[in-house]
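Heads up, the next two complexes both have chain A, just with different partners, chain B and then chain C.
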Partner chain A sequence: MLVHSRKGRWALWALFLLFFVPLFALPLLVIVAASFSTNWSGAFPSGPTLGHYAAATRGDALRALTTSLVTALTASVLALVVGTWAALAAHALSKKGKRLMDALFMLPVAVPSVVVGLAVLVAFSQPPFLLNGTRWIVILAHTVLVTAFAYQSVSAAVVRLDPAYEQAAASLGARPSYVLWRVRLPLLLPSLNAAAGLCFALSMGELSATMMLYPPDWMPLPVRIFTATDRGSLFTGSAVAVVLMGATLLVLLAVSRIRTRASYR
Partner chain B sequence: MPTRSALRNICPQREGKGAGKPPERPRTQRAFWVIPPVLALVLTFLYPLALLVQQSFTPLEGGTSVQPYVDVFEDPAFREALGTTVWLAVGATVGCLVLGFVLALVIAFVPFPGAKGVARFVDVFLSFPSFLITLALLFVYGTVGMANGLWTDVTGAASGPFQFLTTPWGVLLAEITYFTPFVMRPLLAAFSQLDTAQIEAASSLGAKAPRIVRQVILPEALPALAAGGSLVLIMCLNEFGIVLFTGAKGVTTLPTLVYSKAILESDWTAACVVAVVNVVISVGLYGLYRVVSRRVGA
Partner chain C sequence: MSSGIRFDGVSVAYGSATVLDSLDLTVEPGEVMALLGPSGSGKTTALRAVAGFVRPVRGRVFIGDRDVTELPPHRRGIGMVVQQYALFPHLRVADNVAFGMKAQKVAKSEIPGRVSEALEMTGMAAYARRYPRELSGGQQQRVAIARALAIRPGVLLLDEPLSALDAQLRSGMLAELARLHRELPEVSILYVTHDQVEALTLADRIAVMDKARLQDCGTPQELYRSPRTEFTASFVGNANLLPVRVGDGQVRLGEAELKVDTAGVASGVTATLCVRPHLVGLGEGTNALRGTVAEVQWRGATHRLYVDVAGQRVKADVRELRQPPGLGESVALHFAPEDAVLLSAGVAADE
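== the complex of A and B ==
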């Protein structure tokens, strides 16, 4: 215990609440409260309604939700495949090669996502790869942005993997592909799950690159929230935002349940 | 579970050169497996970046010249955006470091009922997109929001005093709010490894809390602070959603300048020039961050 006097402890806790509640808890509460109200011109919102949710789960907004879910799911799966493959292949390299792979695959984190969007737009609006105006350009940009996180998470786990297991399997005559499929990947499952959750959440909330290149018929939720609030419909926007947060949390929860089952293996 | 020594007894021929490494295969064969993912990265990321750089050297009239760079650097709007981006990022990083350190300190060392829940809440907070914060701040400090509504109700004035949301200060507040958890998480991880006996020893030797923080906790936290701080600095330099959602005409940062040049003005060459400048700054800082975090072992 760092602070021994009771008075000092209470003073610190008060200070903590003073910063924590308005800065972190309040924003999320405010969005939830606003999504249920028609008007907010005093201390508290007024005119309770469910109308914004009716609007947020119908027509365009519903299409935006499925768009986001499909985009995030596809991008996460692609990112996991590429990221895991790269992490496993990099692990087998020499120290220098490993460092080069790290630098290569972590580079998209450092590059601003707006710039990733612009670069993808420039490159895939001209032959030989014409993707501009299709949903694939959005999915591609999301994949590029989240692959780095899959790579990082898996390559951190590969290092901690006990080589005894795969050596045992190999010494018993298992082929490399069998060792990979039945020994290494199952052992990596917890970190693969964590990476999947992270990739999914990031892709669900991705706005900057998407703003650069979404076609009119493939508008994900964050863009939908922006167009709503930009037009001045803040309350509809917050209902859509709550839908976004809810969908993200549900998927994260599902993923974390898989993880606990895998780690009890 | 077979331990490694048990395994050595079972198959002693694995002892020696191959131990601790994946089964040895020819180096060329191992390098071969690197090719597919690298090819994917080159095609989807490096090739677009190369085209972006090429485009930035191509003025409207065609040909190759540095004229686009000269034009952009002479543009006062660009210089202002560059200045705003840098001071916002530095300011937000300092704010996050101070706030994150204090909050993590309380959670870790002056725990209260529910401190664990707060730590979990921080994790959840990280999985939400940044622009939600700005959206929330619009309700709290916006022209008709909570704070101004309270003020006009109490004083009877026509409008409230909180008009900072569309200024850089609003962006700064939103960035500090959103990025502080990114500092708190590595700090909480570092604090959980700190031996409580150290603090108790210092305390029993008569050191007061501020001195313990300064001389025992802070040195332990420095690597985590350096890593978290530089990560936040890069993310603030690249932040787009927060600035876009404030809808502030007066606040332009490099990422929003890229967006407005490309999408609103359709000036692709200028957009690419600004993008290249932004990439150079961010990637340069990121390289520094990796060197620093490797040096301090974070």
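== the complex of A and C ==
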């Protein structure tokens, strides 16, 4: 512990709450409060109701939730496969090649996601790669955006992986593919798991690129929140936002439970 | 099954730095060869060249009659144990030991028997269901040895296998390794270490390495009793190396005239006299050296005296003294003529 005196510790707690509550907790609490009310003109919301939730878990909103979940899961799995593959390949490259790969996978992070969305739209609106108007263009854009994060976190873990394990495996007569499946990937599992959680959360909240791409029959939840609040239905939008938040947190919780089980090493 | 190792002019370089310089060395089938040297001497590089983890820029490596220089590690048929054990943390002890056999597609029915046989041999049978992190350092090392032996390699490579263990465990494991080798006489062992005790205890022959080169090679007795180079003499047994002027049947160190065997060294040159500290006695006697005490270290059973004689610091290990000499006191040391070796290598003509 860095601070030993009792007073100092209390002061630190107070400072932490002072920053944390208004910056992180309060905005989320406001959303939750708004989702349960029909009116908010004074300091506090009024007219408590569950009606918004009834609307948020039915019909179009429910379809948007499944759309978001399917998009995020597909994009995360694809990103994890591509990102891990690229990270392992980059590790085997020379220093120069590795730097090139790092730069390449930084691009989707460095470029604003609106630009990524536009780029994907322009690139896939013409045959032979005509994806515009299908759900696949949304999933593709999400995959491009989150692969960068998957690559980065797996790449950091690959570097930290002790080569002694692979070498021990090779000395025992294991082919490189066998070493990959039985030693390297299992040892990378905690990082893969963390990367999966990160990709999923990012994809669930993606709005700007999605806005440029989504077809009418594939509207993810963030777009629905945006359109709802844009039309002025602030409280319905809040309820949908809470549903989005809850769904994301639930999946992340499940993922982190798997991680605790996988990180016995 | 039994196969030796042969280095044929093997050089390894990283960029412009040569870390192993044309090594020629043969490990006979069933022999224990220790590669002994300080860190950075190239001994681990030599072992890794056999394992296939470094690629020689020149020379060939043979295992048995097979030229393995171009083969990837997994096709060389070696067993290897490294300092940090490298047990797979996500696998239980039994699965760690079975790993090599599964990778080599040994018949499924055969694996459990061979796993328990290997664990039995290293005394780890009771720990088969544990994970590596639940074992102590010494136990992990036993599992690592069992894992390497389970694939029945013709060649076992040990890279400083005991240096992560404490002194007591180390001497226990040394005895274990000696026993294992008696039980598996056909396995050739290449044992890399910087610890001369390990090398002297375990090895049939020792190859002494320094500065990327092989300095000396011979049985432990040869290297210890009659070292050929100053480096061997000082690294194996930490000998006193005294510059002396060679006469006829005697040598001179300052004023002192010492009787030693001068066969093979011309009279009138400067040579190096090598005397082991534990063979130097305190008090008058044959070959007396008089000097002043510069330092006294009490090591329990022995006293290590550092005595300045004619500008040279002489080390003497004597049985614990009831009354050790004080610093600056004048004392006499002596040694028997047959306990000294005049090093023929590195003899320089007197200028």
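As a convention for this text, the second predicted complex is superposed on the first by the 244 of 265 C-alpha atoms of A that agree within 3 Å, B and C clash if a C-alpha of one lies under 4 Å from a C-alpha of the other, contacts with A are read in each partner's own complex, and residues count from 1 in each chain.
As a convention for this text, a contact is a pair of C-beta atoms (placed from the backbone, for glycine too) under 8 Å apart; a residue touches a chain by one contact, two chains touch by 3 or more.
Keep in mind it's a predicted model, so treat the numbers as computed, not measured.
Student: As a test of reading the superposition: which chain, chain B or chain C, is in touch with more residues of chain A?
Tutor: If we count touched residues of chain A for both partners, the winner is B.
Student: Quick one: is A:212 in contact with chain B, with chain C, with both, or with neither? Answer first, second, both or neither.
Tutor: In the superposed model, A:212 contacts chain B only, not chain C.
Student: With both complexes overlaid on chain A, does A:186 touch chain B (first), chain C (second), both or neither?
Tutor: second
Student: According to the stated criteria, A:14 is in contact with first (chain B), second (chain C), both, or neither; which is it?
Tutor: In the superposition, A:14 contacts neither chain B nor chain C.
Student: Applying the touch criterion given at the start, work out whether A:201 contacts chain B, chain C, both or neither, answering first, second, both or neither.
Tutor: In the superposition, A:201 touches chain B alone.
Student: Between chain B (first) and chain C (second), which, if any, makes contact with A:159: first, second, both or neither?
Tutor: neither
Student: Looking at A:167, would you say it contacts chain B, chain C, both, or neither? Reply first, second, both or neither.
Tutor: Once the two structures are laid over each other on A, A:167 reaches both partners.
Student: Is A:175 in contact with chain B, with chain C, with both, or with neither (first, second, both, neither)?
Tutor: second
Student: Name the residues of chain A shared by its contacts with chain B and its contacts with chain C.
Tutor: The overlap between the chain B and chain C interfaces on chain A comprises residues 162, 164, 167-168, 170-171, 176.
Student: Using the touch definition from the top, list the residues of chain A that touch chain B in their complex.
Tutor: Residues 1-4, 8-9, 12-13, 15-16, 19-20, 23-28, 30-31, 33-34, 40-44, 82-83, 85-86, 88-94, 97, 101, 103-116, 118-124, 140, 143-144, 147, 162-164, 166-168, 170-171, 176, 179, 197-198, 201-202, 204-208, 211-212, 222, 225-226, 229-230, 234, 237-238, 241, 244-245, 248-249, 252.
Student: Given the complex with chain A, which residues does chain B contribute to the contact?
Tutor: Contacts found on chain B: 2-4, 7, 10-11, 14, 18, 20-23, 25, 27, 30-31, 33-34, 36-38, 40-41, 44-45, 47-49, 51-52, 55, 99, 102-103, 105-107, 109-110, 112, 118, 121-122, 124-125, 127-133, 135-140, 144-146, 149-150, 153, 176-177, 180-181, 199, 203, 209, 212-213, 234, 237-238, 240-241, 244-245, 247, 254-256, 258-259, 262-263, 268, 271-272, 275, 278-279, 282-283, 285-287, 290.
Student: Spell out the residues on chain C that touch chain A in their complex, using ranges where they run on.
Tutor: Residue list for chain C touching chain A: 51-53, 72-80, 82, 84, 86-90, 99-100, 103-104, 131, 133, 144, 147-148, 151, 157.
Student: Any idea which chain A residues touch chain C in the complex?
Tutor: For chain A paired with chain C, touching residues are 162, 164-165, 167-176, 178, 182-183, 186-187, 189, 264-265.
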